[in-house]
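Look at the two complexes coming up: chain A is in both, with chain B in one and chain C in the other.
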Partner chain A sequence: MDVLAHVWLGILAVFQGPDAFAVAGLSVSITLVMVAAGFLLGIVVGATPGLGGPTAMAIALPILISVFGFTPDALLPVMGCLIGIMKGATVGGAVPAILFNTPGTPDSYMTTLDGYPMAQRGEAKKALRVAHFASASGDTFSDIVLILCAPFLALLVERHLDLPEKTALLILSLAFVAAVVGRSPGKGLISAGLGLLVVYVGTGEDFYPRLSMGTEALNRGFPIGTAVLGVLVVGAVFHQMAEGFASRSNTSLQPAPKAGNAGRLRWPDIRPLLPTMLRSAVAGTVIGALPGIGSTLAATIGYTTAKARHDRTRAPDAPRFGDGVPQGVAATEAANSAVSGANLIPVLSLGIPGNTAAVFLILAADSIGGFNPGPSVFRVTADAINPELVVAFGLFTCMFVANALNWTVGGLVMRSMGVLAHLPKQRLLPVVLVLTLTAIYVQETRIEAIWFTIAFGILGFGMRLLDMSPLPFVIAFILGAKLEDSARQAFAATGGDAWFLFTSPVAAAFMALSVLVVVLGARRRG
Partner chain B sequence: MSRAETRTLGVICVIFALGCILVWIPLDTDTGLIETVRRRVEIGDAMAPTLAALFVLVGGAILCIAPGEPARGAGAKRPLLFCAAAMIGVLAAGVVLMLCAGPLALWLADAGRAEPREYRLMRDSFPWKYIGFVLGGTVAISGLIALAERRMTWAALIIGLVGVLGMVALFDLPFDDLLLPPNGDY
Partner chain C sequence: MTTAARTLMGAVAIVLAATATRAAEWTPPGPISMLIGFRAGGGADTQARLIAQELEARHGWTIQPQQVTGKGGLNLAAALKDAPVDGTVIGMVVTETLGYNMAAAGAGLHPDDFTGITTTAGFQMGVVARRVTGWATLEDAIAAAKGGAALRFGVMSPRLADLAYLLGKAQGVTFNIVEMRGGKAVMDGINAGDLDLGFVAGIQAASVAAGDLVNLASALSVPLNQTPEAPTFATLGVDFNADGQFMFVGPAGMSTAARSAMSTAIAEIISDPQTGAGALIASAFGGPSILAGDALQAQMAADYDAAGALLAAASE
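After this line comes the complex of A and B, so read on.
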């Protein structure tokens, strides 16, 4: 079967999968419904300060798995819904940033700089339209790059990298994430090391479950959900609530400005935005393709690049960035939205998650089974269908369905979400916390899972308190088993060569790069 | 973090990593770094955790020599720690109540019966399956809200109850095969 046949099967799997309902005799597949539901939910959580895509994905995942079960048919509806949430949350984050000077998600902080002044001038609707237009454009651009790049990167890896090189590549990914995420490579390495240490508890090839201290509770290891959700969601809830408590901040928002008449975007408004958006989309896509570098950095680079260019080229009497310039909003939103598609390049081509949204997609694939993100997904044989490749093209189709929704109804839904910014965080977060713990329990059905999650939440809180990013911990936790398996196989395949990571030039180069990124990171920030 | 705090964190991590490499991992794994099985040399179970601890060791060493950042105000983290400890206490109380309330309610209800029923047999029947979750969940949510707002209000209680009932509607009513906390443990 050639690639085009797989593409077609992927599209059909989305549009002709199991039916949800029929309209005028025309059946609507459950995958389409779930992508739409996820997208709308994503806008809602993105527009609610304190929530965000990862929280919604964390809570939705066990519910989705309960609804759709563990069959291959569940993959596209579940992952389609998660993709919808991921995309919707990126769009929704701009709403409170523009209307209330409160970023809904961390990556929309830069949107406040020009979005809120525009809103104060009575151009709130125009600012929201600019944000939506730039966000949808950046997202679509990034998805196209993903579809063009991921298969080729995967084929390259599959053809040219053997077991020692793949092991070295995993080590390089971990070293890179540790070195670039957060403020200090030292803290990044500690975070990654703890993630690896924790995932090895209760596992191994021997009869005795290693590092379990002989206890019943630890001999099955830590369920992936408890570690990931504990550190990411519960830790974040603890930290946000504690900061609110410590600062005694009330949650009163800046007053919402009047909508004004300047709303509709016309071609003369759009034309000057296009070069800015294109540059930001490229920057966001490149940054998104590198594991561990998040959309916040992309937004910052997109904004500062556009600001520097604007300062060089603007007329003396033209407004500066920060005074409410539409290009400022467009630069930020195009850059942070372009990250979401590109972030899936390392996931789908290498099996390496680059951000929290990708972590949840891997969790879904891991829980349901039948789809192992990595180079083997893109293997094509002449005489048989590769079901994983069909799922991969189904996911690409889901992304374009979400983009279509974004272009058509996304703006309308987004502009109606302003009211959510009034939800008080201190009342919302405890509900999110108990909901997360309940979602974990219904999957694991043992109380230890709740205690583990709370313990990981304390660890996540401590990490945030120490300015240590929890992302290397989570990525190391997910990659730990794969790294050990790969190293064991490479060691056996090379006949027990202790230097197997340094005998091939490619593996040795990856190892040298691993050391180099950490050393350079430490020197740059030292 | 100030230079002193960063260095302290680095030293703690170095000590922890050395403790793992020299004490915990050797004592708590049955195979070493390398083992020979049927005359084949293989990687043992201790190798991967040792490498993980080496990550922590190197990270800690970097922090020991890093210059650190401008110091935050003294004691800036104390209120955060206090609040986090209080939150964890409230949450733990909610989970313990969740565990005990259902069996306790059944025991009280069956106090006069000749043959008291086992909670394990009633864990999936109304109202027993909801008692622990609703009570524990409501206490946890409303307690955390009260902590954040520094006073207990009716609104916090209502949000807790409505939130928990919403979760019952989300997880229990549509699915026959899901068990709410803590019923899977009985």
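After this line comes the complex of A and C, so read on.
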């Protein structure tokens, strides 16, 4: 079966999968419904300060799995819904940023700088339209790059990297994430080291449970959901609750300005935005393709690059960035949205998650089964269908369905979400906490899972207090088993050569780069 | 016969009839957790999930498959050992888990801790290599090894690692034995060029038919269905083989009704080539191989007792 046949099967799997309902005799597949539901939910959570895509994905995943089950048919509806949430949240984050000077998601902070002044001038609708147009453009650009790059990167790795080099690549990825996420590479390394320590409890190929201290509860190790949701979601909830208690008296929103009537974008409005958007989309895509660097940095780089260029080229009487310039909104939104597609390049081609959204997609694939992101996904043989490749093209189709929704109804839905910024965070957080713990119990059905999740939540809270990013912890937890397997296999394959990471030039180069990124990261911050 | 004896016999008959009826009409008291001891996406995992799907469709049971992988199925066995005995937790492993792996581990697990429900299929365990290597037989691979090539031999369990070692020993070569997570990972490794040859339990059939892969040997006591010309391990000088089956197992003390209802339901599904599971088992694993009840329990004990000989041979 050639690649085109797999592409076609992937598209059919989305459009002709199990039916949800029929309209005028035409059946609508459950995957399409779930992508749409995820996208709308994503806009809602993105527009709600205190929530965000990862929180919604974390809570939705166990519920989706309990609804759709563990069969291969569940992969596309569940992952399609998560992709919808991921994309919707990126768009929705701009709403409170523009209307209330309160970023709905961290990556839309830069949107406040020009979006809110525009809104104060009575151009709120225009700012929202610019944000939506830039976001949808950046997202679509990034998805196209993903589809073009992921298969080739996977084939490159499959053909040219041997077991020792694959091990070294995993080490490089972890070193890179540890060095670039957060403010200190040292803290990043500690975070990643903790993740590895925890994932190695109870696992391994030996016939005795490792690091379990003789306890029955630790024999099987920590379920992946408890560690990921505990550190990422419960830890964030604890931290936000603590912050809420500390600053209870001054949590008021900026007043909402009048919407104004400067609305529809016309070509003269769009044309000057295009070069800025393109540069931001490229920057966001490149950043997104690198593991660990999130959309917040992409937004910052997109905005500051556009600002520098604007300052150089603007007429003397033209407004500056920060005074309410549409390019400022467009630069931020195109950049942070361009991260989402490119983030899946390392996930699908190497099985390496780059950010929290990708972590939940891997978690979904891992829980449902039948799809193991990595180089083997893109293998094509003459005689048989590769079901994993069909799923991969199905996911690409889901992304374009979400993009189509974004272009058509996304703007309208987004502009109606202003009211959500009034939801009090202190009431939302307990709801998120209870939903997360319930979701964990639904999936694991044993009480230890709840204790593990709360313990990981306390760990995540402590990490945030110490200004240590929990992302390296989570990515190390996910990659830990793969790293151990790969290292064991490389060691065995080289006939027990203890120096297997340094004997091939490519592996040695990856190891040298691993040291280099940490050293450079430390010097940059030191 | 006294009235009391007749009354007693009547009561026994009623109880037996009621038990038989329950066996036929057994319904699980809740959702059934189906633990799968194999990596997601491989042949064994697919088999288990297709059986789960069909059990749901035919009997209205709710089956929740979940991966409990690692340590040759012993992680699953440890999780299953103290599970409820009402049929709500079952697991899919290979006979090797309750035989060689439990004996080798010495981790306090014994086949008596489990109830054998049914086997589903045997393996078509071949020693597989890529056609592009130019090897048509195992002799070609051995010649390459003797010519100085360090051959990487992929296996998916400690028992198979022992067999690969003994094969090399019998042929006068040393393989670099690489343990992978499941037969699909071995096949992926062979296709990617990370491994030179390795054990694959049946999912190689389509690629062998297409000419991409070649079965160099049968690791079974009998020739492979697809390539009967490939020599068996016995003819290659190895006194042991990889015979075994996929099986469903529950905790010890599982109710007879649950065990019987499940084994019957699973046997019906895998014997029907119209079902997804039946078709997969027919194409990849040489058709169903069903052993249930006391015969299966006896086989489990025998496999455990026989493990010592292979361990001793591989330790020499």
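Note that in this section the second predicted complex is superposed on the first by the 524 of 526 C-alpha atoms of A that agree within 3 Å, B and C clash if a C-alpha of one lies under 4 Å from a C-alpha of the other, contacts with A are read in each partner's own complex, and residues count from 1 in each chain.
Following the convention adopted for this analysis, a contact is a pair of C-beta atoms (placed from the backbone, for glycine too) under 8 Å apart; a residue touches a chain by one contact, two chains touch by 3 or more.
Predicted model, so just to flag it, every value in this text is computed and none were measured.
S.K.: Would chain B and chain C fit next to each other on chain A once aligned, or clash?
M.R.: Superposition check on chain A shows chain B and chain C fit without a clash.
S.K.: Quick one: classify A:Glu484 as touching chain B (first), chain C (second), both or neither.
M.R.: After superposition on chain A, A:Glu484 lies in contact with chain B alone.
S.K.: Classify the contacts of A:Leu163 with the two partner chains as first (chain B alone), second (chain C alone), both, or neither.
M.R.: Once the two structures are laid over each other on A, A:Leu163 reaches chain C alone.
S.K.: Taking the superposition on A as described, I'd like to know which of chain B and chain C A:Asn219 touches: first, second, both or neither.
M.R.: Touch partner of A:Asn219: chain C, not chain B.
S.K.: Determine, under the contact definition given at the top, whether A:Thr494 touches first (chain B), second (chain C), both, or neither.
M.R.: second
S.K.: On the superposed three-chain arrangement, identify whether chain B or chain C touches more chain A residues.
M.R.: It is B that touches the greater number of chain A residues.
S.K.: Give the angle at the C-alpha centre of chain A formed by the C-alpha centres of chain B and chain C in the superposed arrangement, rounded to the nearest 10 degrees.
M.R.: 70
S.K.: On the A-aligned overlay, A:Leu437 touches which partner chain: chain B = first, chain C = second, or both, or neither?
M.R.: Only chain B; A:Leu437 stays clear of chain C.
S.K.: Figure out whether A:Thr381 sits in contact with chain B (first) or chain C (second), or with both, or with neither.
M.R.: second
S.K.: Have a look at where A:Asp206 lands relative to chain B and chain C in the superposition and call it first, second, both or neither.
M.R.: In the superposition, A:Asp206 contacts both chain B and chain C.
S.K.: In the superposed arrangement, does A:Phe371 touch chain B (first), chain C (second), both or neither?
M.R.: A:Phe371 contacts chain C only, not chain B.
S.K.: Report for A:Phe70: first if it touches chain B alone, second if chain C alone, otherwise both or neither.
M.R.: Once the two structures are laid over each other on A, A:Phe70 reaches chain C alone.
S.K.: After superposing the two complexes on chain A, what is the shortest C-alpha distance between chain B and chain C, in Å?
M.R.: Scanning every C-alpha pair, the shortest chain B to chain C distance is 5 Å.
S.K.: Common interface residues of chain A with chain B and chain C?
M.R.: 204-208, 445, 488, 492, 496
S.K.: Could you please specify the touching residues of chain C with respect to chain A in the complex?
M.R.: 33, 36, 39-41, 45-46, 49, 52-53, 64-68, 70-72, 74-75, 78-79, 101, 104-107, 150, 152, 176-181, 188-189, 191-195, 206-207, 209-210, 212
S.K.: Which of the residues in chain A come into contact with chain C in the complex?
M.R.: 69-72, 158-159, 162-163, 203-209, 219-220, 365-372, 375-376, 379, 381-384, 388, 445, 485, 488-489, 492-496
S.K.: Which positions of chain A touch chain B when the two form their complex?
M.R.: 63, 66-67, 174, 178, 183-194, 196-197, 200, 204-208, 210-213, 238-239, 241-246, 426-427, 429-431, 433-435, 437-439, 441-442, 444-447, 450-451, 454, 458, 461, 465-467, 476, 480, 483-484, 487-488, 491-492, 496, 518, 522, 525-526
S.K.: Can you tell me which positions in chain B touch chain A when the two form their complex?
M.R.: 1, 6, 9-10, 13, 17, 20, 24-25, 28-31, 40-43, 45-49, 51-63, 65-67, 69, 77, 79-81, 83-84, 87-88, 91-92, 94-95, 99, 133, 137, 140-142, 144-145, 147-150, 155-156, 159-160, 163-164, 167, 170-171, 174-175, 177-182, 184-185
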